[in-house]
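Each of the next two complexes has chain A plus one more chain, namely chain B in the first and chain C in the second.
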Partner chain A sequence: MPLHEFDCSKVIPERKQHAVVKGREEDLTSCLPKGYLNTIPGSISERGCAYCGAKHVIGTPMKDVIHISHGPVGCTYDTWQTKRYLSDNNNFQLKYTFASDVKEKHIVFGADKLLKSNIIDAFKAFPDIKRMTVYQTCATALIGDDIEAICDDVMEEMPDVDIFVCNSPGFAGPSQSAGHHKINIAWVNNKVGTVEPEITSDYVINYVGEYNIQGDQEIMQDYFKRMGIQILSTFTGNGSYDDLRGMHRAHLNVLECARSAEYICDELRARYGIPRMDIDGFGFKALAGSLKKIGLFFGIEDRAQAIIDEEVARWQPELDWYKERLKGKKLCLWPGGSKLWHWAHTLEEDLGIRIVSVYTKFGHQGDMEKGISRCSEGALAIDDPNELETLEVMEKLKPDLILTGKRPGEVAKKVRVPYLNAHAYHNGPYKGFEGWVRFARDIYNAIYSPLHQLAFTDISKDDFATDKGFMTRRMISDVDLDDEVKNNTELREYTGGFDSVSKLHDREYPEFESQSAPAAAE
Partner chain B sequence: MQETIENKVGDLLSFIMKNSLWQFNSRGWDRRKQSEGVLTKVSELLCDEPVSKETPADKCYYAEAQCVVDGFNKNFPWLKDLSKDEIKALIHQLHERLDYQTIDASLNAELTVKNY
Partner chain C sequence: MSCQLKVKERDGVINPIFTCQPAGAQFASIGVKDCIGIVHGGQGCVMFVRLLISQHFKESFEIASSSVHEDGAVFGATNRVEEAVDVLLSRYPDVKVIPIITTCSTEIIGDDIDGVINKLEDELLAEKFAGREVHLVPVHTPSFVGSMISGYDVAVLAFVKKFAKKSEPTDKINVITGWVNPGDVTEIKSILKDMDIDATVLFEIESFDAPIMPTGNSVGHGETTIQDLQGTANAKGTIVLNRYEGGKAATFLEKKFKVPSVVSQTPIGIRNTDSFVHNLKEMTGKPIPESLVYKRGVALDAIADISHMFLAEKRVAIYGAPDMVIGLAEFCLDLEMKPVLLLLGDDNGGYAKDPRIKALQENVDYDMEIVTNADFWELENRIKNEGLELDLILGHSKGRFISMEYNIPMVRVGFPTFDRAGLYNYPIVGYGGAKWLAEQMANALFTDMEYKKNKEWLLNVW
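Entry: the complex of A and B
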């Protein structure tokens, strides 16, 4: 196996099993790093904990819910607002975060009474919200508070409320991925099937593993509505608590982030016979294939094709403007989990960018299988990297851009490598055809920002020309471009507005005749 | 000749590994079921044989298979010159190599975990 040993990790020999280089003749039988294991002592990991995975990633994007952590206030604070999962109810779930505020005395004397009074106080403070999720944390798991019993008490006293308990303390697994698993299984065990949803279409889906980052879910929802498809629930971005209780009535589970949400799809398939269809919502070709595939399932592929034709005609010239200026750029694709395979081949195919490294913080070997299959030869694939290793990669591979989270992103900026936020985005949404152009625009702006040149000038010491302005992005990007491309009037920069989502709220959708309408009474 | 067929199977396999996701379900038994379901329908579609769409699972395999076939036809025009028997033999080999790479010789230690 083509293992890669980092110079900085020679003192941690086990790390060698966690990085590989994809060679010319390599396939998955010879090229796959270890994954989803406890972080090796001595390696300063960038992972989150299982509580964070359950609450921050999956639980809190649910929009009409009081999300309360049973534990120290720091746990809930550190998982608040750092990911832009918007909602169409004025972002209630982003504005507020709740905790039982456990202190040392509660560790000694118990925190169950404290939790109960805080739950009731929270419902009284927000009387319009009747749904709640309670998240276990390390401290309260260790003292053994019986959260289920407390919540049952509250629901008996307040019959109009419903509470979901997520028992995923921080120590419950190697990384946040363990929390994804626990909340998936807890939801299907405790809540799915407890509400009967209203079915309004012949074509009904659950949209799963979609977290509405900067409006991603609303972009995809627009396509589905134009196809006449009813989204019964979204798990969980912009998702409603009660809609998610009715997941068992869908005809198809459309799965985006298999890393965080395949478990509930697999369980819904086993328990209710609902098939699981994995899709890519990013990139022109991959998204078009995904819409077509959903259309084929329902026998409405012509509706999908009409959307694809319209969107591609509108946005392809703008994507190609960026492609001409981004071809051959080297990029490190360093997200948390699923984007390493959602983005690897689409960035190469749609924009001509070369992926020189992929990593995953909490992904499993299955994610690496997808990522390594989709990226090109020579890419360095790393599992659970530490900060020194990423610095070594940046020094040796000299990428033009890093796509990663804000913590490693700030490290990259310190060594003057531009980065874009792969988790919460810079100027998203990035899903959809227009979204992919916005992403290309952000990549272009990051790579060609004049700041990278200006930052090398120390205006207090260096001589610099006072009669010249700085180089603009366009001056930098077009310096080696053919005149034919420069003067091409077909291609153009992004022309969408600052906000690409709000305009969808006023759109009128076609009404399709139902194929399964009951026959008229005789 | 044998080398040519192996190359062709390799090209088809690379296309699936790069563009599809259905072959990567998280457990070995599930992957085997997926590859059987989808590739059976790929073979039927390429040979103009009737394709069953009776059950939800059938419809899902069909949708995935049709996308694979569309990609094959677009990227590998030599497929049109093959007889039905040759196509079936080719997809059979493709199925074997896919199962070998993603299941039987896979380095993924989670494929044999009992629960999801």
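Entry: the complex of A and C
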């Protein structure tokens, strides 16, 4: 077994089971690291808690909902304004967060009355919002408040509101992943099937495991609409509470982040017979394949192909401009969960980048299975990494870039490795064809930052050039490039603007004649 | 015409101003050298606080978790602390100090942290780590009590209690900065240097703004050593810049070791800085030097150009850490501005007795409200639904949406200020801080005048 032992982790022998190097002709059964086990205390793992998995990752992107956490104020504060999930509801879900603010007296005497008055006050403060999610936290799980009963009470008194309860305290599982699971199941158990949606197309999907980071959902929604597909709901980015109550009427669940949302797809398949289709919204080849797959399912491949042709014609020359300059660069792909397999092969295929390491903070062995199978020989795969291990990897592998979170990005900066935010993106969205070019542009800008080079110069010891007042990125990236590529007039840098999403809001979509639901279209 | 002190009437919080106690303890812990804290609770209690701190400083700091999972919540999780201490010590050879910081969950399940520490000292430290200097410090910070502010206060007390040791008296004084920025520490140190005062600046974070070096891994860390903490018992006196962020430790040193303490006016603004240097003089016998007269004069000179011409009458709302909010309000009054709403984000019963708040209540000659246990809705609701008119907001970045939504200019101040670059470099305390603050406020108003084309021509000839 090609297990990898970190020098810094020799003192915790069980860590050896959590990292592997993908060897030549390795079979997945022998090179899978262990995953999704309890965290080793004191290892300075990067994992979060089950509360944040439920509330912060999946719950809060819902746009027309008062998100209230039942507990002390910290959980709410800490998970507020640390994400970039947008919505077309004036970003209500980003701007407002609510906490019952449990204090010592409530721990002793119970916090049920407190929660009730909170719920009512919150609805009063925002009279246009009629939907709410209440999230349990460690404290209120331990004191045992019956949140459901309180919410039922309120719903009886206020018949126009609807409340969803999510019991996923922080300690409930090894990582945020447990919270993903809990909120998936709670939603399908309690809310799906309680609203009958209006069906306006022959082709109806739920778009699942998509959180509208910097507008990803809106980009993909644009493709679906151009194909004449009705998006019944998005779980949950830019998603509407009542739309998500009608998930049971979709013909297909189109699933992006299987790590966080496969549970609800599997339940919808078991309970309502809705098939699940896993797709990739990232990368030219992967996205084109995904759109074709959806087209094939509905018998509208021509519509998918038309979009692919148009988008590829528009954006391929720009992607290739970057590909020529990024080929062979070494990259550590260190996201939370699903992006390790969403991005591993797409970065290699579309941009010629070599993935030298993948890690997952909260992924399961299934994610590693997918991720390792999608990256090349020699890649180091790490489950639940910790700070010292990541430093050791950067020291040894000397990557040109790492894709990771904000804080680990600061760690990388200090050892002179540039980073891009894998969770919130730098200048996204990164989904869609244009988005993938934006991603390539961001990678290029990070790697070829003229100042980045200067970070390696020790002005007290080294000889260094003093003949230049500046360098451009191209003066660095094009040094060894063939003249043929350099002078290629077909290829060009990214030409989209700062904001690639807003332009979609005014877009008009083709009307496709419906075969089966003509009346419902009205 | 009155200044009213009131507690927020609603239960619960719509957009919190503060996070909870363990965050404050974690912030204090990274001010200590060779120290990595272990937060005893769920992983989110650490992961998000580390993120928050890194958002503010654009740096990463090491704090560990005991990673309490479901079994621990049910059966008790002290074994997780034992394992965490072992793992941490085994992998970080330089670590000497480990505060064990509790959270809501582990306080509710009643894990006996002090007992575990005794056990670890008797067993793990005595056996596996014999000969190595290691100190375990219990820090009780249940999240349902107080706020990040009291968490800092509690942790500072816990560290001082653990280490302070009476030996030979020294000429040094203790300066407890509270939860400030590197820029503030630099300013305070420069005042101390000007006055030729030998001081121990505690929980000292000046080097948090760490560089990228051509080789190695240069990370920011606290500068306060075990010796610094031990020596606090032998100092001539203790000066606390923020009474709610270090006051407890000063009181402890006074009671236990007879180290006299001065809970200074928070040195925000010229007048409060005057009091601060006066207190330094009283405590050390060192005169106030000409250099400070000069620096004070430079600040007054800058402020004279902006205060009565541009800042006077401007209506301000201020929120955040209590000492900072009070200090800013006092300075605004000196600048002829009108702080009309002060929001203190927790329910500390001491606020009503705070002499500075009493002075505001007695002397303010227009309508001012001070709301305790406040959230951001106390601000937004007044603007949106009750006709509160404001010219300026002073506070941290979590309130940014109010400024944007209602087109009110805002000066970022306090913690965290993640949506502006580099603010941690600049002081808000001392004469330098007074100058910088006044100029920031003026520039924010100027930009707003230009953006809204509201008498922007005033600046043609300034």
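Note that the second predicted complex is superposed on the first by the 500 of 522 C-alpha atoms of A that agree within 3 Å, B and C clash if a C-alpha of one lies under 4 Å from a C-alpha of the other, contacts with A are read in each partner's own complex, and residues count from 1 in each chain.
Please note the rule applied: contacts are C-beta pairs under 8 Å (C-beta built on N, C-alpha and C of every residue); 3 or more make two chains touch, one makes a residue touch a chain.
Quantities reported herein were computed from a predicted structural model and do not represent experimental measurements.
Peer 1: With the two complexes superposed on chain A, say which partner A:W315 touches: chain B (first), chain C (second), both, or neither.
Peer 2: Touch partners of A:W315: none, neither chain B nor chain C.
Peer 1: Tell me the contact category for A:S373 with respect to chain B and chain C: first, second, both or neither.
Peer 2: A:S373 sits against chain B, while chain C stays out of touch.
Peer 1: Determine, under the contact definition given at the top, whether A:D27 touches first (chain B), second (chain C), both, or neither.
Peer 2: It touches chain B, and chain C stays clear.
Peer 1: Who contacts more of chain A, chain B or chain C?
Peer 2: C
Peer 1: Tell me which partner A:Y77 touches in the superposition: chain B (first), chain C (second), both or neither.
Peer 2: second
Peer 1: First (chain B), second (chain C), both or neither: which does A:I107 touch?
Peer 2: second
Peer 1: Who does A:P275 touch here: chain B (first), chain C (second), both, or neither?
Peer 2: Only chain B; A:P275 stays clear of chain C.
Peer 1: For A:Y207 in the superposed arrangement: first (chain B), second (chain C), both or neither?
Peer 2: Neither partner.
Peer 1: Kindly classify A:I12 by the partners it touches after superposition: chain B alone (first), chain C alone (second), both, or neither?
Peer 2: Second partner only, chain C.
Peer 1: First (chain B), second (chain C), both or neither: which does A:Y419 touch?
Peer 2: neither
Peer 1: Would you mind writing out the residues of chain C in touch with chain A in their complex?
Peer 2: Contact set of chain C toward chain A: 10-16, 18-23, 36, 38, 41-45, 47-52, 54-55, 58-60, 62-70, 72-73, 80-81, 83-88, 90-92, 103-105, 108-109, 142-145, 147-148, 210, 212, 214-215, 217-219, 347, 377, 381, 397-398, 401, 405.
Peer 1: Can you list the chain A residues touching chain B in their complex?
Peer 2: 1, 27-30, 32, 34, 36, 251-252, 258, 262-263, 266-267, 273-280, 286, 289, 292-294, 296-297, 341, 345, 364-366, 369-370, 373-374
Peer 1: Please name which positions on chain A make contact with chain C in the complex.
Peer 2: These residues of chain A touch chain C: 8-9, 11-12, 38-52, 68, 71-82, 94-104, 106-107, 114, 117-118, 121-122, 125, 137-139, 141-143, 169-176, 387-388, 391, 405-408, 410-411, 413-416, 455-458, 462.
Peer 1: Can you check the complex and tell me which residues of chain B touch chain A?
Peer 2: 17-19, 21-22, 24-26, 30, 56-57, 59-60, 62-64, 66-67, 70-71, 100-102, 105-110, 116
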